[in-house]
């Protein structure tokens, strides 16, 4: 699923609906078609060799022989269900796992099929200040191979490929489980990029809300809160996934790799911390907004009340002497007019004094 | 229980009241009568055979012989307590389970009666944009049979019947526990249909609230929140049920089926995630509503205050010169009138400048 | 404690205060005196016999001989501490349990004294739409007897007595633990009656709040919320009690009875669900109230602003030409008056257009 | 610490600051000096003997010989650090425990030093309607002795002394652990006294808020909420302490005493329940306050709007005919004045009808 | 990281971003350069010896021989990655730990690398009333050495150095684990200093909010709330760290030291308590602010309404008799003017009576 994540609940629900009534394990592609043709690329390496080539259309990848080389098969594009099915048959993938691979919108999870681990992840990418694109990435980890399934031809895993090619670091010395770790680490690292952007937006928004709150800022605040709600739903299961992998429940993960997975786990927890902190800060911003609105309303009402309370009684007085009764003795008094001015000045002054005593001025 | 779920707490409580004081295990039908006659249908199948017929009225179903065929007895209509009681006797169902079967409004649960599993589920159906119908579905799972109890003659389980008949997929090869899984999966899949509808309604509602908030939208928002509260109460125990079945606590569930139940468990968790997300979004909408109301009120009050604050003092001035005192020298001045205009214009301009400096304009 | 439960925190605290400084195990009656005389009734039964008589005043009940009959001694009225103490001595009840029996306001709990189980429950009864009466019921369960202590001469346990007398169902075949279950079940069933009433009140209240919100409805809403807070505090420990009994921690509870206790446990959980749902609904109602008040305020203010904003400037204009300056050339113009009407009409029309463009009309 | 508990966070933090940078186990007295001289009182008793005397200044208490008598040494006044240190040396108290004894503001806790239990408690006392005094009480429990440390010469433990002296109840028969229980029970019982007072204040406050809400009531509500926040922080760790003691983790606590500690545990849970209930009720009161304020504002605005909306247009009409244009034909009409009255009456009536139709009247 | 902690989420996220795409274990310095040159100081001591000197630039520290002396190497300044790397090689520090040392913004954690414990802490310092500086402190604990890494040349650990030098207390007798405890204790003690300052600020703020609420106070309240959110995220993982160390999971920690760590754990829990209490109090203050604003608005509106409601109808009356109709009989009445005064006085009085009956006055 690569569309903006703004309305996922509906999208997810709708996606699922498509399949209601079908037998379990039926492969139905759910998501958007992102590439023309399914592309399959195979990289084989050990400490001394490195071999990388794209499979021709129609050519089927097969599980590698039981040697010491690590094989990484990356499949891009999931809409040709028959191709995925053929790969599934070749690698002995369980039908339910195959169903999940082509069915975007899964929760991150790790399933143990004895000789294979099946991992579902959501890779994130910032689209703009308020939207993120979600891509489902599935990893099938075997004893000496990893099969990765992606919908889009993104550059997500290019740095891993570079590192394997360059042969630097530990990656050529360790097995398929380390490769799976490297892919997982890359996905988690991208969460930080997305969160950095949101944090910047939130900071700018806070200044806007303090300086000049308007409905646009409010809408943006609401949009960010929604993104946080959705991100949170996506990261919590990821944490369970990494936690499970790192605890040593799965024999395919070696102890050396588990140390690295512990590091990924720390990152995941930091991602969650940052999301929770952002949520709390956004909630605080709504409080600022509402209480500053309340303050402004009070200020506006005070101005209105002061003006009205001073001038309405005065206008009443003047309107009295604007009446046309024949018998109004005050109108004939020599000092009537200046006396009225004095009366009005003292009423006005008294009102001002009253307001000052009430701290309205 | 098939009525709209809008006031379940009262319904449930009332339902229970009917029975207060009766000995436990007493069968009292609680719910609405949905079909004229209890209908019983028996399907027997294995990998090679398939037999499907309706039992005549008065004919009693009996537990199947201990062979390799799977028997599925579906009972529709629960108001004829004596019929259900007879089935209970034939299958050796515990009195408490029988009581629950005819008593709509149970929490989803799974009870282990050694040689039988008793599962209570709530099947949902969208009635309209704001209401859902709840039907209690009970499943009795034995070693080679499943007895399903429904209140209404709904098409809920038709797809399962079709699949068994067609003999496609795994369903004819696996046992009664797989059949129970298929029925459970069908019920859970319908939750997605209901949630999709609510998600769409919520989306439309959000646009309404931003564009033109009115009490009708508010009422709808409240209605949706209530549905979420009720759905949530229904799904959390369902999750426990599926979690228990999938963990392997019950010997009647084979390992092959447990893999499929793990899949249902994932779906249940996704249902819960979606409900929680919707709740959070709906809460956010109420915040939008309240803060946009607060913003509007501020805007309205600013307009009122600006108009009143400019014109009330001016009107006071004019009312002074509308007085009828005999001795008002200003009235005789040659330039009195134009000078007053100048004074009023500068007062008005000063006010406008003041408002602009306060960012009210 | 039988008074209305509207201010329990104070009541409970005060009750406790009475005893501060006394040695533990001191029996102080706390509660209201509900009957003149402590009444003791003894029922003995097995599958074939049934014997029921009231003990004369002063006659002491004794633990039954170790035979297969079940003895149920029900004690009504707790203010005569010496009578309760004598029973305690006869049955070997622990001093702390005796203290709790006569001291109303305990939390529901189950204490295991090796050969006896001591269970404290709160029985509820609806007094009116907003109040409930709470009665503390204590059960002492021995190998072949149950002693029940109640404050009031209520009909609470009459249905159990009827069932035992009629000898229907399982009750005459099973032991003292089943009798204890039956009493517990009766207490829990009454929670549903109370909740049904509250649910109905809440429903009526919701309609009132939507139709015509006023402070009375608000006060009722607040009262209901308080009842829910208090009910909740009472039911959560009850759930722990039933959960403990049903898990098989106590050897006095046989496996046959535990199946029934599992059923009571389900009911307790449903009571909690209903309370939580009601709380959520009541919170939602407060939100409705506040947001509809906010909506109304906006509407009121719009009307005021529209009227004021149209007429205040117009009145200013007319007041200008009400001035008595000698030199006001407009006053002498032939068409001055109709032109002013035109000016005022266009100002009024412009204002209306402005309000319409702002969607205030 | 005996000052009012109104600003504990600061107090606690400041107290701690005093010590930052000192080596652990350094004894620094933190708290207020409450008595002139440290007073030490020694009570020794068994079932048949009772001996009670105050130690002279400078006289050091020593651990009792290993006989069957129970020794209770109560130390009042903690500011003379050297005295406490000498006691610590005599009884072999761990330096960290000694540091805690003289350092008021600890969390309630129980530490196990193999042959000694070290218990820290906070005793509460009501100062006035809104403040409580907190006193730190430390207990050192050995095999046949208890050393109690208090800051103030309060009458807190007098009832225990009386009971031991009178020799009634179980206290002379059971060991030092029972004495520790009795002291703990006394402390917990005082929580009820404090809570009773707060409950009464809350009840009076609620009536005030409903009858005539003003800022003073609001300030009181806020003060009570703060007390609840602080009480809660104090009671939750106390619950852990009692729970630990009662679970049988500590060999110094005999099974007979554990039954009594279970009773204290029940009381502690009830204290927590009461605090939580009070917090919920206080939150509800704030809701009442805000929503009744909102209701009043609406009422006030309606009155203003009705008056203004009726009279502003009418005044506009009259001001028209107050203009001094030479050519205003209406002014010369015979029935102009009565017709205007009719027009104004119908406008006023129409407005009233409109307000009635909107349910503002 | 030493900048003010006001926008950590963004800072942290950005820091992480720097590294996305690099192989794990790559050392990238993240943070601000605080000292010119990395400084390394080595202290060696046992009960009888003490040796302290700074290593010359370029000189490498090496792990001490396996003797009974304790070696403490403190490294100040982390921007010269190659120096840290060299130390890492000499001490056999795992690459992931090295990465964390130079990468400020880690969560507090403890990692067990068999023969070494790696502890990450955040040391706090108050910058001003609303900001705190955070410095990451890493500790590497071996069997007889501790390596501490700090970014700044702060005086944080000077008191520990003094104590070791003076040889007082237990510190010279116990091993490297006790030294690690002393450093940890110093870090936790500084939390109290920071919290004390915030508590004082909160107290002053509360008085301001009650006396004269204005937007500045509101902004300060919001700033404090944000600091609490951030502090909380920092302290919770610290608690896990100390809890883990104190539970005895790590063989490097001796039982003697664990008693002291239990004390640090108590302090950490008190820090958390204080933070939570402050958060609750700050939330309460926002409630005060909002409800007092609501109260003031009501008061302001009442004044406006009373004035307007009294004078608007009166002004209407006077404006009637200001009209210039030729035929207005009242104008010619002898007592017209005084009668009008009577009428107006009774209307005004009636209004005042009405307001008093509504308790607006």
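Every chain is named by a letter (A, B, C, D and E) in the order it is written, and numbering of its residues begins at 1.
Heads up, the rule we're going with is that contacts are C-beta pairs under 8 Å (C-beta built on N, C-alpha and C of every residue); 3 or more make two chains touch, one makes a residue touch a chain.
Note that the structure is a prediction, hence the values are computed from the model and not measured.
Student: If we look at chain D and chain E, which chains touch each of them?
Tutor: Where chain D and chain E might share a partner, there is none at all.
Student: Give a one-word verdict, same or different, on whether chain C and chain D use largely identical residue numbers at their interface, taking over half shared as same.
Tutor: Mostly different residues: under half of the interface numbers shared.
Student: From the C-alpha centre of chain A to that of chain E, how far is it in Å?
Tutor: Taking the mean C-alpha position of each chain, the two centres sit 26 Å apart.
Student: Compute the distance, rounded to whole Å, between the mean C-alpha positions of chain B and chain E.
Tutor: 41
Student: Give me the residue numbers in chain A that touch at least two other chains, ranges are fine.
Tutor: In chain A, residues 290, 294, 297, 301, 304, 308, 312, 315, 319, 322-324, 328 touch at least two other chains, as defined above.
Student: Sort the chain contact graph into one of these: line, ring, star, complete or other.
Tutor: Chain contacts: single closed ring, each chain with exactly two partners.
Student: Follow the ring of contacts from chain B in the direction of chain C and write out the chains one by one.
Tutor: Start: chain B; next: chain C; complete ring order: B, C, D, E, A.
Student: Which chain E residues qualify as touching chain A in the complex?
Tutor: My answer: residues 7-10, 12-14, 16-17, 19-26, 94, 96, 106-107, 109, 111, 212-215, 218-219, 222, 225-226, 229-230, 233, 237, 286, 289-290, 293-294, 296-297, 300-301, 303-304, 307-308, 311-312, 314-315, 318-319, 321-324, 328, 330-337, 340.
Student: Spell out the residues on chain B that touch chain A in their complex, using ranges where they run on.
Tutor: Per the stated touch rule, the residues are 159, 163, 168-171, 182, 185-186, 189-190, 192-193, 195-196, 199-200, 202-203, 210, 259-260, 262-263, 266-267, 269-270, 273-274, 276-278, 280-281, 284, 287-288, 290-292, 294-295, 297-298, 301-302, 304-305, 308-309, 312-313, 315-316, 319-320, 322-328, 359-360.
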